[in-house]
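A short write-up of the structure that comes next.
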Amino acid sequence: MIKVGIVGGTGYTGVELLRLLAPHPQVELIAITSRKEDGMPVAEMYPSLRGHVSLAFSSPEKARLTECDVVFFATPHGVAMAQAPELRAAGVKIIDLAADFRLKDTAVFEKWYGLPHSCPELLKDAVYGLPEVNREAIKTAQIIGLPGCYPTTMQLGYAPLLAQGKALVNEAALIADCKSGVSGAGRKAEISTLLAEASDNFKAYSVKGHRHLPETTQGLQAIAGRKIGLTFVPHLVPMIRGIHSTLYATILPEARELDFQALYESHFKNDRFVDVMPAGSHPETRSVRASNMLRIAVHRPDNGDLLVILVVEDNLVKGAAGQGVQCMNIMFGLDEATGLTHVPIMP
Amino acid sequence: MIKVGIVGGTGYTGVELLRLLAPHPQVELIAITSRKEDGMPVAEMYPSLRGHVSLAFSSPEKARLTECDVVFFATPHGVAMAQAPELRAAGVKIIDLAADFRLKDTAVFEKWYGLPHSCPELLKDAVYGLPEVNREAIKTAQIIGLPGCYPTTMQLGYAPLLAQGKALVNEAALIADCKSGVSGAGRKAEISTLLAEASDNFKAYSVKGHRHLPETTQGLQAIAGRKIGLTFVPHLVPMIRGIHSTLYATILPEARELDFQALYESHFKNDRFVDVMPAGSHPETRSVRASNMLRIAVHRPDNGDLLVILVVEDNLVKGAAGQGVQCMNIMFGLDEATGLTHVPIMP
Amino acid sequence: MIKVGIVGGTGYTGVELLRLLAPHPQVELIAITSRKEDGMPVAEMYPSLRGHVSLAFSSPEKARLTECDVVFFATPHGVAMAQAPELRAAGVKIIDLAADFRLKDTAVFEKWYGLPHSCPELLKDAVYGLPEVNREAIKTAQIIGLPGCYPTTMQLGYAPLLAQGKALVNEAALIADCKSGVSGAGRKAEISTLLAEASDNFKAYSVKGHRHLPETTQGLQAIAGRKIGLTFVPHLVPMIRGIHSTLYATILPEARELDFQALYESHFKNDRFVDVMPAGSHPETRSVRASNMLRIAVHRPDNGDLLVILVVEDNLVKGAAGQGVQCMNIMFGLDEATGLTHVPIMP
Amino acid sequence: MIKVGIVGGTGYTGVELLRLLAPHPQVELIAITSRKEDGMPVAEMYPSLRGHVSLAFSSPEKARLTECDVVFFATPHGVAMAQAPELRAAGVKIIDLAADFRLKDTAVFEKWYGLPHSCPELLKDAVYGLPEVNREAIKTAQIIGLPGCYPTTMQLGYAPLLAQGKALVNEAALIADCKSGVSGAGRKAEISTLLAEASDNFKAYSVKGHRHLPETTQGLQAIAGRKIGLTFVPHLVPMIRGIHSTLYATILPEARELDFQALYESHFKNDRFVDVMPAGSHPETRSVRASNMLRIAVHRPDNGDLLVILVVEDNLVKGAAGQGVQCMNIMFGLDEATGLTHVPIMP
């Protein structure tokens, strides 16, 4: 059994980790920390976990995280890098759901997150936890920086186009029009995500610049091995879970004859959690609700030069906690899908 | 033109007052106060008001409220009673949307609101602003304590039964099962009313006791002229606006022959904002959305001894701001419906 | 392995059965019928099942249902009783999610469902599939009439009060104020449950009389062994899944000293899918979303004579498909919770 | 007073016309037709109109539409062109909310709507009812083909870019990523827009081709006086009202120095129902809910070559009924905003 600790179990990605890990056949939950809720049974805050999780939150000091095999950080940015050195010294593997170990360039990290990186030496060895791109590296990783929710959809949606030896599309002018449910904003007391504000409403936000842009650009460039240019426009959808990314790319003249549907199917043929839908499909976010699946559909309207790639995921699963468990499975030599075979909830 | 000031214009009842008062043909908006947003144009916080309201928020000190004819308080409990003496000394009428001037018994106020009443001498003369019950008193009132949103539905829903010379129902055992949209909780940064928490969800709350209980009991007893007993169970509905109250009352043997539909129609025949629906109707909250109308349907399942009264209102209009404007119209001798003839928004 | 057939797999209870049965460790799915969709892969209609269900819909003629061990009917009323005799002749057990085998009195059935009962001789032996009440009878049942969604909450919510030797509450005047998400109306093309009609809205319906009333009355009387009187008022909540029933009962003078919290905890102490919450709780429908759990909280406002019982379930699971699987487990000697241990989805 | 008739008053655009026209100071409602609901009082179907509309639906035969000054068609495609000749012969003006008089090329009409155009001679004189583009022509128009909901946002969103003497952006590769609430699908009994299907969900649809594409292309080309190329991807948002269009255009090198914010403000400076928001704004659909306003924000991320134009409207008002009333006002020489000054409903 893998001994697992969770730092910061009170937010949405934390409770989602608990939902996935509590019944995981190879996991023993050792500790869940929350300084503020020290002593409170987890199931008292989250009655959905009554009968499934008997642990109480404990303050970080009491939590004996160094006895774990792996610790998940479901915390705000900055927490994981502060605690990482001690855990690594004790041989504990780390999976960070926040941004501390995503960006390779500490200057970029500091610019977008407003704080200096406290352990660049660990960052060097951290692996970006996107299994469909980095599976081999994840197998031996000691620290995982998990992708953000939007970046997962954009990278997997563009990967088959960029991963070829030569450019197929205008890589300097990619456009990602992305839409997310409000759970992506986290479990924070804020006016803008109140039901009375966000329901029966739709808006774009952060058009000027969003933290997921540099991460995605870095990832796309790593896939392509070339410089790429991306415009990313996020929108807020009045729903709880789900991301729908509509990706645009202009086909280069020399690639006009390519069968893009076949390209996508072939690219992901060994990936259990990526489902390339039949040509002409319109994947719905609910088709992956509460599951680790990501679905993609490839469109080429009027057989013209513009590709329209539709990607859906559950932002809390494939976009966060589920992807973390997927990485853990790989890191510990388990079947990649262990504990992740949930049927999506429909309706 | 009536010179109107609003204290606390940043919450939902405040912006609703602005929606109703800005185009009101007899109103001149003089000042809207907000200490925190001093100087910010109202339409910057609420783009829905662009082109309709050109005022900026001002701190209470600058607002010259004493030059107004009437001041609305759309503030937390306790604010109106603190400012009332100065305004009254200047001859300004007051309409309080909070609870400061609702409860006649200051001990009850202190018990439920946790603070002593600071101006019991003004409270004495305050009028409870429910026009369908207190129209005459409102005409000459200087201070109005506006009913809460739930209490408006319960009092108007039970009024025809209780306002008769003798009891028609078991007045000791009334049951009000009420359901409200989340705007009733106000525009406050709280986790429990986030879209990700409150949507696709339903729950009861405050079953042990809710502040609207003593107010409603006081009002029902005033209508009946007798002691009544009420159980009030509020629930939270995943919608923005609207209250649906399902009221139960057991018919006394001596009233079994009564035509309750006729009783209700007759009782409200002169009330423009109460619509007694045809027998057998199921009023929907959306049928009054964004309007000052309250609709009632009277049911007697299986022609038995239990009356089931269905009442709907928009909690921000007839349950708050609209009722306030209705009272203002009465206080200043205008037609009661001036500025309140909006067609409900459907769908 | 239990060979399972499903008749009518295209509605919400049908797809929910598929979600629960596909990964069930003791079940082999043999056939799913739909005359209209004959030949269409199930996962084409429900992409959420891609990778989980490889069956196609087949017309009833081709489906070889008589080779199954058990057949679930997720069909409109009237279908199960038409096909039951042939299946029973072949020794196939039947679990009907509709009303054909719920009501013992065929005259009552005919009155509320508008069609004569076609196999009263089978009805005689049918068992009402509420395990917490009828577990022993279910073990040997050949035909199960599964409770409706509302009736499950009302019967389990009132059971501890009624199951005692003598009356504790006024059993002639029970009031059930129930609220359901729209999936309870089924997957039918109807205007009244369009998102544009039913969202941001709340209403009561069928106050005059609802089909679940006679079923619930029959069940409550069976539990009590006495006549009871119930008023049932259903409401429509703008959410997908979930029922919240608020049950009222007036405590008799001789029962005023009883500890009702203890009564409930004791009554359900051996029931894995009924969770009596701590005193003072307000269970939320989302706390059981997509799980077979039903949660109950017992309130006695102001320590008076009125009990307020709050009950939540997922109408498609404990209120339908999950309860069916629970019955199947019992009928085939499996652990009652096999395949039913899902952690509820939150948020 | 303008005598107004409405054909097809039972759908969402029909009831919205009633909401706007009933209190319109210059309008007398003469007739509302519905063959199916002949004789039913309008307010019985739409209780929101109780006290505002006393008319009953009448069959087209009885409706004496030829006595009207203007008739609105809120009908499926094909109805208006069938009745237009008779009405025109009687001198009645026509405003069609469907597509019959939008497309100038009857071959294109037949291709996308699947039926031949029955009165091409009237089509020739029909004016496209987009006041901000065609105000002068509307003044003297006898037949108005009102724009679709999506096309209104796309044309007004791109107009300032295209209306210049020379191209400012790559007009061959415009991309419109549009999102609509479900009321855009009309009040039709369909499974795909049930609350249980469409809420807590997001999807694209009709990526292959949507009827609003040829209409928008025609309109954009009319504005530009040049050929344009547009990709239009519509999405369904789980909300009732509102469209948010995110428009992309690549700035040509020669236009890089242009102040696009100033261009937009200047272009619309005389249009009462187009609000160019301050630079950096993110307009929300609710900021125009139930009003005829359309808001636009201009973005240029990272000061690069891609313009991102955000446009919001209420699809039932500026996208349909409101625009129709706006045209009527212009056609009859009234102030363009008569009866259209509603403050948007927030929250």
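Letters A, B, C and D mark the chains in the order given here, with residues in each chain numbered from 1 onward.
One rule holds in what follows: a contact is a pair of C-beta atoms (placed from the backbone, for glycine too) under 8 Å apart; a residue touches a chain by one contact, two chains touch by 3 or more.
Because the structure is predicted, anything quoted here is derived from the model rather than measured.
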Handout entry: Fewest hops from subunit B to subunit D - one hop per pair of touching chains
Key = 1
Problem - Most distant chain from subunit B by Cα centroid - result: A
Problem - Between A-B and A-C, the pair joined by more C-beta contacts - result: A-C
Problem - Centre distance in Å when subunit A and subunit B are each reduced to the mean of their C-alpha atoms - result: 46
Problem - Averaged-CA centre spacing for the pair subunit C and subunit B, given as whole angstrom - result: 39
Handout entry: Mean-CA-position distance for subunit C and subunit A (Å)
Key = 37
Completion exercise
The positions of subunit A in contact with two or more other chains are 12, 181, 183, 187, 196-197, 199-200, 238-241, 283-284, 286, 289, 347
Fill in the blank from the handout: Per the touch rule, the subunit B residues reaching subunit A in their complex are 12, 181-183, 185, 187-191, 193-200, 238-240
Handout entry: Complex interface listing, subunit A residues touching subunit D
Key = 173, 175, 177, 179, 181, 196-197, 199-205, 207-209, 231, 233, 235, 237-242, 244, 246, 248, 250, 280, 282-286, 289, 299, 301-302, 304, 306, 308, 310, 312, 347
Exercise for the section: Enumerate the contact residues on subunit D facing subunit B in the complex. Expected result: 12, 15, 18-19, 22-23, 46-52, 183, 187, 199-200, 240-241, 275, 277, 281, 283-284, 286-291, 293, 295, 341, 343-347
